[in-house]
Amino acid sequence: MSEFFHMGGYALYVWLSYGLALVILVVNIIIPMQRRKKHIAMIKRRLRRTPAEK
Amino acid sequence: MTASTSAIPQSVSVDKGLEVCNLGCSREDRELFSGLNFRLSSGHAIQIEGPNGSGKTTLLRMLCGLRLPDEGEILWNGRDISEERSAFLSNLSYIGHAHGVKGELTPLENLRVSQAMAARNNSLSLDEALERVGLFGFEDAPSRTLSAGQRRRVALARLLINPTPLWILDEPFTAIDIQGQKQIETMITDHVLNGGMAILTSHHPLDLSEDHLSSVKLCT
Amino acid sequence: MTNASLFNAFLTVLKRDLTLALRTRSEIANPLIFFIIVVSLFPLAVSPESGLLRTVAPGVIWVAALLSTMLSLDSIFRSDFEDGSLEQMLLSPHPMTVLVLGKVTAHWLVSGLPLILLSPLLGVLLFLPFEAMPALLATLALGTPVLSLIGAIGVALTVGLRRGGVLLSLLVLPLYIPVLIFASNAIATAAADLSIKGQLYFLAAMFALAVTLAPLATAAALRISLR
Amino acid sequence: MWSFFHRLASPKHFYQFAGRLIPWLGWSTLVLFIIGIYLGLFVAPTDYQQGESYRIIYIHVPAAWMSMFVYMVMAISGGIGLIWKMKMADVVASSAAPLGAAFTILALVTGSLWGKPMWGTWWIWDARLTSELILLFLYLGFIALQSAIEDRRTAANACAVLALVGVVNIPIIHYSVEWWNTLHQGATVTRFDKPAMATSMLIPLLTMFLAFKLYFGLTLLMRARVEILERERDTTWMKEMITESGK
């Protein structure tokens, strides 16, 4: 198994690129989620302050 | 928010002239005005009144096609102005708050430029036009040496050399002295009385009879 | 709107912009002085040794020409935007693309042409071989109009902004890269006494593309910025 | 079919439609990624020439392809927003820009990581990497222009013009960089194009291509929904939806 991680001597490059890819892909999913929560919370707060006129 | 329009005499020909149907505009998410309806036909003027920030200038810019309406449409002779752009523009003269007179050029040069840019020119000579707006003797001085009021008169002189039926003027009387205002007022009333159209934003009273003048009020 | 009055409008805009530029003479001189200063920085920064300077001369002259055109781009629409004459041009019945072409030609005459006339002097400063001088003039003659035309698109997009200067370079420089590649390479090839017909054809093709398409994009961008 | 697109033009329908689609997209992207990476790292044989380092292409090539693809999406949706005045097209274009920039950065870094063992330096002015770098400048210009203009509609229209001008220039830039590269580098440097791929190497690549595409769809819809939340926060339909479902 350790031979697998060794990647024939290129471990640094292969794992660095896969690691970076993972980071970029995950970050690009987390950011929208957090902004979504923030916006929904903001809208809710505004709704509580001005009761939605029926 | 809606605009109230005092009674506008319905002229005979239905679709001649400018017609605004259900015009609305919102800036960012603040609604400036909506549901605006009025018609302007030859021999009429409309004065647009409203407090600051009620969207008067934005309305004028929409009427001359500089800004697309958010809702509703503007028709010239029955056709939407964005379709018949150059036909509409050759019948329109617009003088905005920034009146477009180059400081480095003399009044004569400024007029010569706008003469070449217009579709049709009439026989009035440039000197005569400048004289009529009270700029006799200032023809060759660089415009930046003139006062703000004098510079605005150079812009108003443009109206005389390009005979377009529709005038759209944004606060035409700003920075102009009493005597000058008289001259410009007669200019506008003469234009309207012999069949022209004018839309202006100004609180200056125009001595036009009821069937030649109406007003559109924008309220916030 | 006969095309006589259209051509007349084009000429009027051209004459107007030229008189305006000639009346504020410093606006013409500054980019040229910048052009000379930037080129003379390289011998100080790199090395005064002629062999090295000769190899970098084409690239250095062209990068300096590019940057000095960037400097003078802002003057195409900025003053007209501020005093309202740009609005008047948008509201003229003549098609805006023709008027934009007039303004860009005036800008080129004021900024591009002096660059071309000045460049042999800078070629001498950087020991550019004599055979490469015609190539230098030819590439600048074909290239600087493209710089003005594409630059006009960037200026039209940023004319509404208070400080659009740096943003303008970020928008426009990537689009200048093809011209830079073919022009500086043409001069280097000419310095080695080889034929540069291919590069000049490419530059001419880019010029033709820019002359036809760029004014359309500039007119659309102006209409958007003046909303 | 046309009415489907027409309904998508309304923020309300787009928001709900995207909301239903996102879970499906999310799971299928995850599954595809797992398969692709498993195939790429475990199953694909080692390359006789480059050894294990060639496995980086399973990230680099799809990312490079996506960076071009996203710019096309931006230009097309910007164009639609400009011509037909569709607000949703502007939302799609502005949501796609940061994703495109992320893909370009990913392609650049993995490209230099892949090149390091071969050339011994972190960066080499190879034709493909240089075009990728210039594409990054185009993305940064787009994002900078978008944040510089306050009014949302003007910003969207201005960026649409920039994207259309950019998309016309991308092939010109690409071929002039290629031509410039052949002049200076000559053919000695091993060409960057994919070596004749054994099928066992090709399958992971195609899986990763698909995974990246679905991933792009997923994040684009997520970002677009957030943009709609921001733009439509005062509309009645948004308020009702928030109060009634709270999601």
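Just so it is clear, A, B, C and D label the chains in written order, and each chain counts residues from 1 on its own.
The criterion applied here is as follows: contacts are C-beta pairs under 8 Å (C-beta built on N, C-alpha and C of every residue); 3 or more make two chains touch, one makes a residue touch a chain.
Quick caveat, the model's predicted, so the values are computed rather than measured.
**Student:** Quick check on the contact network: minimum steps from chain A to chain C?
**Tutor:** Tracing touching chains, the least step count from chain A to chain C comes to 2.
**Student:** So, comparing each chain's Cα centre against the centre of all protein Cα atoms, which one is closest?
**Tutor:** Chain nearest the overall C-alpha centroid, as shown: C.
**Student:** When the C-alpha atoms of chain A and chain D are each averaged to a single point, how far apart are the two points in Å?
**Tutor:** 16
**Student:** Counting only Cα atoms for the centres, state how far chain A is from chain B in Å.
**Tutor:** 54
**Student:** Taking each chain's centre as the mean position of its Cα atoms, how many Å separate chain C from chain D?
**Tutor:** Centre-to-centre distance between chain C and chain D: 33 Å.
**Student:** Round to the nearest whole Å and give the separation of the Cα centres of chain B and chain C.
**Tutor:** 37
**Student:** Identify all positions of chain B at which a residue touches two or more other chains, and write them in rising order.
**Tutor:** 68
**Student:** Mind pulling the chain A residues that touch 2 or more other chains?
**Tutor:** Residue numbers touching two or more other chains: none in chain A.
**Student:** Give the residues of chain D that touch two or more other chains, as numbers and ranges in rising order.
**Tutor:** Chain D, residues with two or more chain partners: 151.
**Student:** For the complex, give me every residue of chain A touching chain D.
**Tutor:** Of all residues in chain A, those touching chain D are 4, 7-10, 13-14, 16-18, 20-21, 24-25, 28-29, 32-33, 35-36, 39-40, 42-44, 46-47, 52.
**Student:** Any idea which chain C residues touch chain B in the complex?
**Tutor:** Within the complex, chain C touches chain B at residues 1, 5, 8-9, 11-13, 16, 19-20, 23-24, 79, 82-85, 87-95, 99, 226-227.
**Student:** Would you mind writing out the residues of chain C in touch with chain D in their complex?
**Tutor:** Touching chain D from chain C are residues 153, 157-158, 160-161, 164, 167, 170-171, 173-175, 177-178, 181-182, 185, 202, 206, 209, 213, 217, 220-221, 224-225, 227.
**Student:** So in the complex, which bits of chain D are touching chain A?
**Tutor:** 37, 41-42, 46, 51-53, 55-56, 59-60, 63, 98-99, 102, 105-106, 109-110, 113-114, 116-117, 215, 218-219, 222-223, 225-226, 229-230, 233, 236, 238-240, 242-243, 246-247
**Student:** Would you tell me which residues of chain D are touching chain C in their complex?
**Tutor:** Touching chain C: residues 82, 134, 137-138, 140-141, 144-145, 148-149, 151, 153-154, 157-158, 161-162, 164-166, 168-169, 172-173, 176-177, 179-180, 183 of chain D.
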